[in-house]
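Look for chain A in each of the two complexes below; its partner is chain B in the first and chain C in the second.
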Partner chain A sequence: MRSAPKSPGPHPGRGRAVRGLGHFGALAAPGLTLYVLFVLVPVSMTCYLSLTNQNPFNPPTRYVGTANYTRLAHDPDFLHSLRNTAVITAVVTVAANLGGLLVALLLDRAGRLYRALRGVFFVPVILSAVVVSVIWQALLTDDGLINSMLRTLGVDHPPGWLSDPDLALWSLAWIITWQVLGFCVVVYLAALQGVPQELHEAAALDGADALQRFRHVTWPMIAPALTINTVMLLITGFKVYDQVQVITNGGPGEGTTSTVSFDIVHTAFTDDHIGYASAMATVMLVLVALASVAALRLLQRREVTL
Partner chain B sequence: MNHPALRRLGPALTATWLRPLVAVFVSAVFFLPLYLLLVNVFKPGDEIVPHPAALPLPPTLANITAVTSRPDRLFWYGLINSIEVTALATTAATVLSAMLGYYLARCAGRWATPLLVLLLCGLMVPPAVILTPITKVLNAVGLMTTVPGLVLVDIGYYVPFGVLVFMGFVRTVPVELEEAARLDGAGLLRTFWQVVFPLLRPATASVVVFLGVWIWNDFLNPLIILGPGTGTTVTVGVYRSIGEHQSDFGAVFAFMFLAVLPVLILYLAFQRQFVKGLTGGAGR
Partner chain C sequence: MRKIALHGALTLVAAAVLAGCAVGGGATGPGAAGGRTTLTFLTFETPNLNASYWDAAIARASAKVPGVTIKKLVAPTVDRTAYAKQLDASGQLPDIMIAVKPDGFAQAGKLAPWTADELADYVVPKANPIAGKEYVLPYNTQPTPLVYYNKADFARAGISGPPSTYAQLVDDAKALKAKGINPFVVGGGGQDTWADMYPLIADVGTDVYAGHPSWLADRSAGRTTFADPLFVGAVRKVSALAAAGYIDPAGLSRSYADTEQAFRDDKGAMYPMGSWFAASADAKPPAFGVGVFAWPTDSGKLVVPAYTGGGLSVSSKAPDVALAKKWAAAFMEDKENLDASVKADGSIIAIKGYTPPSTMGPVYRATVDLYQQAVQRNGIVNAFTVESGDGSLPPGVVDKAALGMQDLINGKQTAEQFAAFLDRQWTQATQ
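Take a look at the complex of A and B:
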């Protein structure tokens, strides 16, 4: 591909427009086309399909207005998935932020040992959620390693981490937290290393103890890291699918751990209710957008700059 | 927070011996699940359940050869597909987003902001939300259940992330270099490839690592788009292999070990670039 002529011809204005179009075609068009074709077009199709009763095994497809949304609002299974997604997102966001910060404070020292330990915490981040899920499933099943350890310690009836409907969701949140913790650790460490030493010294001179220094010096200075981690964790939490599919398949029982993503995929690809699944997807899209914008607004307000 | 025990913990943590001790202990507990994966890959299948935490002495390769010599060649088909999809999609998405990011930073003028906002919206879209229409688009162009179909979907989905990284980076590159090249008669594309792209290397490394890991580990897209049978990636292969023999931990662990091995080797070799790349210079 050649770019448009460089010298403005007899019509300078037109030449610039042609050249601009050439630049767009050469540099921007390929990436933009694929993005439009496989993200924007599907998003608008989802919104449109949510207003239909499409089901490949039950033609014809008709326009049904907001009927799918009315049904969603009273669908206990969907409301349950919504609640599960909210619980997982909230637990993971709080736990991974808190745990990540504590580990980062622990490892915030120079030296080969601490560098190696940071490497350890980062390993789960690069593994696929499927692999992490299978490992933890082997650990947490009723006869898994953790329960056999508990039995040797004298616990007669160890909990059914994945088979008890009250526990399974928490176990999933725990597994996700374990996997994303290393990301938060690295982000917090980078932020901690950006806090000027003089600020600590000045606070210490003013008689601030370690906790006060953390509260009034470190904490405000690492606010951008909190923003990055929280937005990342919110997005991760909202789209949780792999762990549910691999570990619990939505169970134990009927939908005790199903998430919105899981519900969408199963309604669309197992039950073939494309229209109804699209309505779920549209609701989710709106919620993700609202949550991300709200989180950004809220968190950026408390960031300080030097 | 003002509990006396906590207050005493403060100075104690600064003691030179306690911090390394606590750090090593916490890391060891955290690492336990991965330790179990590693030791049980090299242990005979019937010893895993009675002695899960024991070291594999003597180590055996039986589990690994069982996976690599499966009659249905699930692992090998998956490996080939994973390598193809990851290499093609990562390369293409990186190049296309570098060009698009450069365009937005330098050429787009007043269109830059609206285009960027349009792209950033895509960063938040969960894959499950657009999967059904994607299968319709792929069916329409005849690429459903094919590797090229999955590659195109991956490129489209990951371009916004690349653009975000590249656009920020291009703005830190002095524009004089490009102007000099243009004055010497180089066209826009040539200027981009020979002058700008080499300067973007840190951003490129970051995007390649991020997309490579993401695409290699992806589960939902290959599961649905490639479909069952030989059209699987190693990550989906792990899922398919647990369905068959739930109790044979040795085989499942060996499959997982082989599936993560390429990423793990790259991680150990380029640890610094990985951590930097995956956290995107966050927190600065």
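Take a look at the complex of A and C:
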């Protein structure tokens, strides 16, 4: 006897799904709420403000459409900041990746000394950017340790690391690279230690020398580390603010070291142009997102093709 | 489901609490905490005005005004005005602030004006009016800048005394340079880019404001621009000093504190700086004798740029404005506080009947003498970029001017380019 088909009835499966969704919602709600309150709402407000002329000291606030964005495209100060940000980001991304990989390769050994050295390289990462800036400012001023040493060595006119407009941006890029190097070292070290020893042994048996083993075994295997470092460094480079504020205040001279983040803060809180600063922030958000997605796509494709 | 609802409700409560924490805070109204009113007070710290200076001054004022608890806030840099704006943007404008430029805050109705009665004891009750009202207690005058000089360096270069004309100043600089002595110590590094402005403030004072006291008001009204030959001429004097090597660009990497130290370390013979250096020079005398003179004019007429103000302002949204004003006045007019301000910051007090401590040192006394001479000879002018009130520079232009000065000292801008740069910044700031 054939049993009658079950009635769709109360749908016990759907009930489980609803309960599951409820549990998920309850677990995710705190995080989601915080995310909405402290990320989505401020970002949305910033986007909205970017379409206004808000100036807390010059009310009323009016909707100005895309006028702020049009103005940005022709604002030499903003374009200087954008260029400086791009230079710092490029230098930091390339130099910290290269330096981090090199140091990681040197430290990828067993022994107490190497463990201690790993700690030493990581110290700048845990220091506040302000502390690092104060230290480097003391080192790089005209009367600082580096120029004093150069004078002792007979250099009559040592470089103005922070006072020469042609050097100051590079000095800043160096300081930021120095601070983030330890992060790259740790990520690369972790990746290096995950490369199976058997692959190196097999390559060695096939007659590969050290360089060939690095190129054909190590380098492809640490591709995820390159992705992580590159994306993190891109974001770090784009949002540089503290070092500029403490070390150069955007100088020496017009637009030599000001970055987009620095410009945003000053435009909002010194010039009082909140609407215009919001447009800058929105442009930066889009640029960081585009750069990060592009880097991720490019580098992850390389990981996939291994 | 009940658990889920409970979780959801807790989350909403937590979010509401967090959101509540984000606004307000700081000050509590009368009746809170046993009838005491908590008022926030924004200060700033410098090598002269350190934490213990402020704590002692706050304690003295609070002893005179019962029922007030002061919560001290310290601006992260000397730019307390920018910090006040940041706090204001998050709805936390301090109830009381010291030496914050009132421009913008006053026009937006965020400050409580001082009445004529409240200003009756002040020497210059209309120091920096905004639409006819005063928002900052004008308690002291600071000549900005005077030139403090190293007497030993002058003697070594064969200079018998301070110059009385601009041509003599240039000759003295030349003589110093010839002896291998850097003529001027000028700073402007780190966060303290403003410290590079003093030669320009001096030249604008002597060459522009002395003959045209309302020049900046004219600029504000659009009746002139920075391209005015008068202004460009003043700027050209600074660029000429830099081009001749009398202002060392290396100083642009020095913070304000490092710049003062550089003068103390004999890295230059002349230090154009505000009168506050006098207190520092007396409190901790350098290894050489320090003299002072006013930045000379072409003709030899005594002109001293100065700013009178620097006192307390009160937020119109303070929990008890009357009480906040009472505390601010007590802070400002307390004899011990004024003495402390004189000793720590070289203040020239602008309150009637006040006399500075008899123990003040020679550099302070020489500074006050010079200022008094200028007052008697009608030689006091506004200090360019320092002035506030109607007709002063729009917000943000002061910082940009300091960056432009760095280009001028580095030889990256001519006087004409600097003037055009300022005009562009003015236009952008007022858009």
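As a working rule, the second predicted complex is superposed on the first by the 277 of 306 C-alpha atoms of A that agree within 3 Å, B and C clash if a C-alpha of one lies under 4 Å from a C-alpha of the other, contacts with A are read in each partner's own complex, and residues count from 1 in each chain.
Throughout what follows, a contact is a pair of C-beta atoms (placed from the backbone, for glycine too) under 8 Å apart; a residue touches a chain by one contact, two chains touch by 3 or more.
Only a predicted model underlies this, so the values are computations on that prediction, with no experimental measurement involved.
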| item | value |
| --- | --- |
| Touching partner for A:63 - first (chain B), second (chain C), both, neither | neither |
| Which superposed partner A:30 touches (first chain B, second chain C, both, neither) | both |
| Which of chain B and chain C A:126 touches, first, second, both or neither | first |
| First, second, both or neither for A:113, with chain B first and chain C second | first |
| Dominant toucher of chain A (residue count), chain B or chain C | B |
| Touched partner set for A:186, first chain B, second chain C, both or neither | first |
| Touched partner set for A:246, first chain B, second chain C, both or neither | both |
| Which superposed partner A:270 touches (first chain B, second chain C, both, neither) | second |
| Touching partner for A:163 - first (chain B), second (chain C), both, neither | second |
| Shared chain A surface residues [contacts with chain B and with chain C] | 22-23, 26-27, 30, 34, 37, 143, 245-246, 268-269, 274 |
| In the complex with chain C, residue positions of chain A that touch it | 19, 22-23, 25-27, 29-30, 33-34, 37, 56-59, 71, 75, 77, 137, 140-144, 160-165, 245-255, 266-274 |
| Chain A partner contacts - residues on chain B that touch it in the complex | 1-2, 6-7, 10-11, 14, 19-20, 22-24, 26-27, 30-31, 33-34, 36-37, 49, 52-53, 96-97, 99-100, 102-104, 107-108, 115, 118-119, 121-134, 136-137, 152-153, 155-157, 159-160, 163, 182, 187-189, 192, 213, 216-220, 224, 235-236, 238-239, 242, 249, 252-253, 256, 259-260, 263-264, 267, 271, 274-275, 278-279, 281-284 |
| Chain A to chain B touching residues, read off their complex | 1-3, 6, 20, 22-24, 26-28, 30-32, 34-43, 45-46, 49, 103, 106-107, 109, 113-114, 117-132, 134-136, 138-139, 143, 145, 148, 178, 181, 183, 186-188, 190-191, 194, 209-211, 222, 224-225, 228, 235, 238-239, 241-242, 245-246, 260-262, 264-265, 268-269, 274, 277-278, 281-282, 284-285, 288-289, 292 |
| Touch list for chain C against partner chain A, complex | 1, 3-4, 7-8, 11-12, 14-15, 18-19, 79, 82, 85-86, 88-89, 104-105, 107-108, 188-193, 248-255, 258, 262, 265, 267, 395-396, 399-400, 402-404, 406-407, 410, 412-413, 421, 428-429, 431 |
